[in-house]
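First, the structure itself, so that you have it in front of you.
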Amino acid sequence: MPTIFFYGPELDVEKKRELIKSFTETASKLTGIDKSAFVVYLRPSSPDRVGVGGELLKDRHKRLEQEKG
Amino acid sequence: MPTIFFYGPELDVEKKRELIKSFTETASKLTGIDKSAFVVYLRPSSPDRVGVGGELLKDRHKRLEQEKG
Amino acid sequence: MPTIFFYGPELDVEKKRELIKSFTETASKLTGIDKSAFVVYLRPSSPDRVGVGGELLKDRHKRLEQEKG
Amino acid sequence: MPTIFFYGPELDVEKKRELIKSFTETASKLTGIDKSAFVVYLRPSSPDRVGVGGELLKDRHKRLEQEKG
Amino acid sequence: MPTIFFYGPELDVEKKRELIKSFTETASKLTGIDKSAFVVYLRPSSPDRVGVGGELLKDRHKRLEQEKG
Amino acid sequence: MPTIFFYGPELDVEKKRELIKSFTETASKLTGIDKSAFVVYLRPSSPDRVGVGGELLKDRHKRLEQEKG
């Protein structure tokens, strides 16, 4: 009974459907376990709760915007 | 210092109390570790952020409702 | 910088490659985030460390074998 | 389809069975979701891979042993 | 590409920045892996979704308040 | 009772001590919660169980070696 966790940005409902469907079909095919046994948890993380390279993601986005500016 | 994560539906406060108490007492008894060392995290997941069998749980609930019709 | 965890059976190396490639490509396409930002953790769980339906998975497999018997 | 993770010491097989059974029955009763939908992952952590109070658990055990002397 | 999860209280933005910076610098120095490869997820847990010692954290806080009187 | 998970390379025991000590002291200072309440889990991941940018980390290491070659 495999379980998949996805930590990433919030997605709209149509993309959630596609992500869950694709992850489940791929993993079912590769493991040989029936699709019905798979659970996928989407755990969104907002940019003020993630750090990348030691920097709050929100700050990083702002900095990259300004550098492009 | 064991740690338990529960990914499931949101519960009312009385049920949260029972779940935390029961999980902790069971695990303390079986491990021989004092109850004070246990932490339980309740991590609710809404039906529009979980996939089961390749299908968004919200869609699955709706489909099952309609099939019962 | 999204992160994916896969808790399931141990896979051979070729299947690991396919799973990582497929998950990353799907999630990159749906989020619009470059593939290079994705990390996938494969966290295998042996049947003597998973419970399904209240039953140790190892016991469940044995029981199902016997019932097919 | 709730999922439970238990991070703690390694258990013998009989205790694993009890823990999985008890967690699942408790959570099924409190959520109203059928037992068959529950997955429990036992994720053992050895004392040289856990820190408590800023101290490696292995060191802490040794220190407490010596203090008891 | 290491990943760090922090389950704890909600922090203000300045403390989030410090925590992410410090964790990343420490882990980069100890692993020898470049800071740019690290992701830190802050996963806050409110006191009505955590249990400590078998007791809902919210209840525990209230009880300790009353005992201090 | 905060909890920290570190998914990364295996470390020698002295580095584990430093990482646990530093993470705990930083997080204790920033949250105002006593160090004794912190648990850190080190969850090593070998390069044949991690994917980065859609590629098995083991393969990526080999490729980068060859490109430097």
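Chains here go by letter, A, B, C, D, E and F, matching the order in which they are written, and residues are numbered from 1 within each.
Keep in mind that, in the parts below, a contact is a pair of C-beta atoms (placed from the backbone, for glycine too) under 8 Å apart; a residue touches a chain by one contact, two chains touch by 3 or more.
Not measured: the values here are computed from a predicted model.
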Fill in the blank from the handout: Overlap of the chain D and chain E neighbour lists contains A, B, C, F
Practice task
Check every other chain and keep only those touching both chain A and chain C; list them.
Solution key: D, E
Practice task
For the pairs A-D and D-F, output the one whose chains share more C-beta pairs in contact.
Solution key: D-F
Exercise for the section: Averaging each chain's C-alpha atoms to get its centre, pick out the one most distant from chain B. Expected result: F
Problem - Label of the chain whose CA centroid is most distant from the centroid of chain C - result: E
Handout entry: Same-site or different-site touching of chain C by its copy chain D, using the half cut
Key = different
Handout entry: Where chain A and chain F are represented by their mean Cα positions, the distance between them in whole Å
Key = 20
Problem - chain E and chain F, separation of their C-alpha mean positions in angstrom - result: 15
Handout entry: Overlap residues in chain F, where contacts from two or more other chains coincide
Key = 1, 3, 7, 19, 23, 39, 41, 50, 52
Exercise for the section: Just say which it is for the chain contacts: an open line, a closed ring, a star, complete, or other. Expected result: other
Completion exercise
Chains touch in the following pairs A-B, A-C, A-D, A-E, B-D, B-E, B-F, C-D, C-E, C-F, D-F, E-F
Practice task
Note which residues of chain A are touching chain E in the complex, please.
Solution key: 7, 45, 48-56, 59
Problem - chain A to chain C touching residues, read off their complex - result: 1-9, 11, 15, 18-19, 22-23, 26-27, 30-31, 33, 50, 52, 57
Problem - Residues of chain C defined as touching chain F within the complex - result: 13, 16-17, 19-21, 23-25, 28, 35-44
Handout entry: chain A partner contacts - residues on chain D that touch it in the complex
Key = 1, 3, 39, 41
